[in-house]
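Multiple structures follow.
Both of the next two complexes hold subunit A, though its partner changes from subunit B to subunit C.
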Partner chain A sequence: MPPPVAASLAPAAPADLDRSCRWPVLVLGGLSAGWLVFAAVLGVLAAIKLHAPGMLANIEWLTYGRVQPAAWNALVFGFGALAGLALALWLMVRLSGVPLAGTGTILFGAAVWQVGLKLGVLGVLAGDSTGIEGLELPRYASPLLLAGYLLIAPWALVVFGRRQRRESYISQWYLVTALLVFPWCFASGYVLTSFLPLRGVLQAAAQAWYLQQLWVLWFGSLTLAALFYFLPKLTGAAVPSRSLALFGFWTFVAFGGLGGLTRYAGGPFPAWMLSLAVVGNVLTLFAIYGVGANLLPSLRAALSRLSGNVVLWFLGFSLLAWLTAGVLTALNSLATVRHLTHFTLVTPGLDQLAFLGGFGVAALGGLYVVVPCLLGRDWPSRFLATLHFGCAAGAVVLLAVAFLVGGLVHGAALNNTDVAFLTVAKRYLPFASTGTLAQLLWLVGSGAFAVNFLWLLGACARTICVPAARALVEPLPAEGKA
Partner chain B sequence: MKPVPSARSPVAARPARAAGNATGALGAPALDGAPPALGTGATTPLWLVGLFGVMLYWATLYLDRNGGGFNPLVFNQGELLADLEARVPRSEADALLAQGRRVYTVYCSACHQPNGRGTPNQFPPLAGSDWVLTEGPNRIIRIVLNGLQGPITVNGNQYNNVMLPWRDQLSDEDIAAVVTFIRGNAEWGNNAGPATPAQVKAIREATASRSTSWTAQELLAIPLKD
Partner chain C sequence: MKHGPLLFLGVFAAFFASWVAGVLAPHLQIGGQSLVQIDDLGIQYPLDRTGEAKQGAQVYRAQGCHYCHTQQVLQEPLLSRLTLTDAGTNITDAVAALRKVRRDLDADAATELVRHPPQVILAHAGASATDQATRLLTNAGARVESTIANLGPDLRRGWGTRRTVSRDYLRDQPVFLGQIRLGPDLANLGARQTNTTWLLRKLYNARIDLPGSTMPRYPYLFTERRLRPGQAPSPDALALPSEFAPPAGIEIIPTREARQLVAYLLSLRSDALFYEVFPPPTDQCRDKTGRDHERPVRPNLVPRP
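Let's look at the complex of A and B:
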């Protein structure tokens, strides 16, 4: 699709671009930071209940069945989607060299999304959850999220359509994929389970498909868009091969979304669904190779400069987490491994590694770059950012290791008919409590990020407000003389 | 995959400049407006394309073997609809037939042969046999329960041998199944009606006191049908 504009048209200056998208990106990023902390608090509560079910058990609103989905939705649709949209808008504007249009509509869309998600999370806490994992938002909330999204995302595509550079960059391919995938999978997921529910096992098949699109094609694409922009920009190393990137992109799009049903391997589903999922997961390894071969060299080139650059830690960690999660997912779809791991902690462990470790850490790293550009003022505290990285990376590693090892122990015990079920459950406890420790670490890191963000906003507000206030109080020098 | 710094791509010169820029509080360099440098010199390696082809081929094989022909009724990987239909009986009579085939293979086929034709002059045939294709299964159930001894004429041929009793080894359902299988076996050309576990149970109770095998003479006195 050749752009309609001549290549000679100059892209706008970065400062102008940043000015055009300042409010939408800041509002979306700020809201996402708020949800991040809120979700982390609920996440800690939910994690504790897995090994100490008596805690707060008498408060109806805080029972596990409500707190866990509330935490999940706050994290995924509050932090994840809003941070992803903020980065998508900024990256698209930067890479296309065109100022953002429709800022008013975007801000309205953010408000609609925010109201919808608040209603939804409160609804889940009040007991209105649909009870379907990943699709818990009640019927009065989910359409609002879709409406909010449709007010925000098209403007990024408009910017892409008007781009001032003839050749599109890798991040733009992934962004367009992500922006088009979300409304499709979100709407189908909710329609097929809440509004016109499918019957029987098909409902679970639709849910598994939806989760796969959400994790891989939506958050995966956003992760890769961020990594392909920030890693080479921050390290200064070139991405070696455009053709390999194209190969990786198309294998990712073609096979990435097929692997959903390995989540329910062993369940009552038609054989072709599972077989297609296995094939999809294995062939996605080509996409993972393409990403690794293109991005690991830039990380290696920057090894000597790594110690000074906190943002690069975030992005490098995210790349490694994303690659590891992809390889393990492909391994996990093989029949011999699946036999041991299915219906154990391994499934949530891989989800968390890809979402928190891959997407979450990349999005936070991106916000650390973008927010100072927009405000024209740097982060007030390097210490808080370092603390955030330490906590976030520690949390992801701890969570992934605990859940993967725990899952294997859990699976081996489940497959052994000599072990009583209560014994299996008891073996699971130490891993669940390690999960709580990881969630606490994540909460501390998120708190550090939020404090740093508020501090930065406060400093900006001061530089604007203090002179204005002073001008109000002090009489004008000209008046005094007259 | 090695990055190939190509003289054609202008990107190789850029890194030093980006890295040398002033850095912010977090140590990140300030970003300019250009998109990241992208090398166009390196091509996708041939081995990767080759491996991709091999894996695509593997994928089609895997789907062919495990996809159940994309049939929504096939739930087990590795099965096709035909395997499914052979394994899962459609009705109660089909279920008895399937069970009867198993019983026959274990207990009967050694003498009467898997094709039901017996062994000339030693073991009489079941396929097309006038003793099997009777109006009711009264006599053949008795033979399976208590065995048979002495001379017998089957389809005009004389046999003189011993058949073992299966009263203690086989349940009512097993006997009903194997009799149904033998009488109704279309592969052998048989098409007589089934036997039920209730019929077997009644005969088993009626002949409970009998400890010897049947003779052909005694059996001919038993009515074909109740």
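Let's look at the complex of A and C:
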């Protein structure tokens, strides 16, 4: 139901806006925190299995080929998508100055998504995976996710359509892109690989396209929406150039989605597909330049204010990680580099750097801002937040080192046919242990976040429930005296 | 940007264009590929798998073997090796031609080469260098033979005899191209490994035959069966060396899934030759390992017996 026209004319106060989206954002954020911890546990298991193949080998559900995709899906669709949607709703409401409509539908959508993803992850662990990396969710789960999404996301677009100022904000451009991209790439990916599968290697082409949209356009847009909102807000430095931002945005949208096939470079595909992907990846550097040139100065200006401002650490780190990942991805698509990195963990490492370091850290930073606004109460423990940042940043750096350096070592050994294969596999082992250390750090950080979150919710519940309970127990004083 | 619709349309257009380029156009180009009729063998390639092997592919999928194993063989651009097989009647002309092809040879070395065919003249040459050399030498009355010389690391590791092409995967659903090689490529496993017992042992515990292997164990694809006193061991039981063997009176029997998986593994081969599999010729003689650069072969001055 659209609100009355009069209501949408009067600019709403931030408190009213927050009240309108409190439940959807809190529920989505809370669910994403749960998935974050769950995915981190699975991630640790998967990482250990790479260097200790005997661990828990008797349990079919926990074999490497199942925990690995289960962890991935829990992280990407549990933590990533839900946190992204929570932030997207909140940012859209704030930036448009219009209260959120459709709260009930959104909550229902969150439940549908949650059920779908639980089924899906259990299905993968039970051996029902589709067998296509990144699109593993079984057929009985993936449609639920899409349905859940379609119940949630359109409301953000409705808010955008009703926005107060016709002139839109940079973050809004990226939000609109993200919101439009996801259903399309998700549907295309799943339909063309598991419902009406394309023939032969075309499935892999559809998968490569989907992964590119997912990483670059969906999570990339969400990252940039958060960065373009929070960084100027926190540092007090306005974005220097709107035209540069426009340039960055359109180059991002135009070229960001083209680079998928470099994952299958040299593979059984028509040669032009690879050339196009390389060109796309290299041209995306324009977008990276546009973002960097606009946001890095504000970060530099805020260097002095950095101490003690945990949220700013999160967002600054995310910006640096995202930019690094973008530059390295372009580099990694060049033939000479790819020859060395092909079939190693370098490519997944870059995905992880952009996803965990860029999106994940930005989304967490965003939640550190948003949740207190919604609950009207600050985080109970500064220490836990600082610990979270330290662990998350350390985990991302370690993981990047393990995957990138380890990948190069692995790639050099693979190309050197004088090295027997088992030796090749063993050269990666030290890096696999580093990866486990990184996953453990990430788990500790996620745990700190979850504890802080629960603590905050508990404190709020106490302030609401204790007086209410007391009122129930104590006789009403007014009656006797009247 | 004042115009919401413009934003929507722009994003939509960019997005649609990338979908057309990444998904639709490839589908239009190779989506209609048909099986290859190979007359010499009287088969349609790729061969259909047996029912057991098809079920095995589903075990492979469910166990997630493709997170460590690829099924694609890469090959570098075409390079050839040119061999002088016969110098012809006019030795002087042949020597002159050879010295045009191999400017590093002095007259004596060239004469020596020409006198004792067959001799490799060019080891890893691009297409136009090979063509030119062939022309020069045949004009001088000599005879040469060119063969494919480049392999690239995959072929040198014995993971295949040629690169894999899109037709190799026409019957696969899902396609297990794989992106990471924590284990060896399996595209041609069936061509290099035909021993069922060895494969079953590899699945039961890869460290039996290869100490230190990092491949996971799949013990749950096997059942333990207790032998009654005096009962003869089953012929299906896995023969295991003593340190991996179960306690006396218990034998390890592969489950149906393990057998299906092995049937699938044995069915893996993409080595049929047809027009599509030859890599495109090129003049670049690149091999980033630094081993296959076009380099003159040292003349073999020791005459063959």
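Here is the rule we go by: the second predicted complex is superposed on the first by the 468 of 482 C-alpha atoms of A that agree within 3 Å, B and C clash if a C-alpha of one lies under 4 Å from a C-alpha of the other, contacts with A are read in each partner's own complex, and residues count from 1 in each chain.
The rule is simple: a residue touches a chain if its C-beta (ideal position, glycine included) is under 8 Å from a C-beta of that chain, and two chains touch if they have at least 3 such contacts.
Computed from a prediction, not measured in an experiment: that's the story for all the values here.
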Side-by-side fit of subunit B and subunit C on subunit A, or clash: clash
First (subunit B), second (subunit C), both or neither touched by A:Leu283: first
Touching partner for A:Phe269 - first (subunit B), second (subunit C), both, neither: both
First (subunit B), second (subunit C), both or neither touched by A:Gly200: second
Subunit B versus subunit C as contact partner of A:Gly257, first or second or both or neither: second
Residues of subunit A touched, compared between subunit B and subunit C (which is higher): C
First, second, both or neither for A:Pro138, with subunit B first and subunit C second: neither
Contacts of A:Gly357 with subunit B and subunit C, given as first, second, both or neither: neither
Contacts of A:Gly308 with subunit B and subunit C, given as first, second, both or neither: first
Where subunit A meets both subunit C and subunit B, residue numbers: 246, 268-271, 276
Footprint of subunit C on subunit A - complex, ascending: 49-51, 53-54, 57-60, 63-66, 68-69, 127-133, 160-161, 166-168, 173, 176-177, 180-181, 184, 188, 192-194, 197-206, 208-209, 212-213, 217, 246, 250, 253-254, 257-258, 260-261, 263-264, 266-271, 273, 276, 280, 336, 339-340, 342-345, 347-348, 414-417, 421-422, 425-426, 428-429
Subunit A contact footprint on subunit C (complex, rising order): 1-2, 4, 7-8, 10-12, 14-15, 17-19, 21-23, 26-27, 29-31, 33, 60-68, 70, 72, 74, 153, 156-157, 163-177, 179-184, 206, 210, 212-220, 280, 288-289
Subunit B contact footprint on subunit A (complex, rising order): 11, 13-14, 17, 94-95, 97, 165, 169-171, 228-229, 231-247, 251, 268-272, 274-276, 278-279, 282-283, 286, 289, 293-294, 297, 301, 305, 308-312, 335, 368-369, 372-373, 378-382, 385
Subunit B to subunit A touching residues, read off their complex: 1-4, 9, 11-12, 14-19, 23-29, 31-33, 35-45, 48, 52, 55-56, 59, 62-63, 66-79
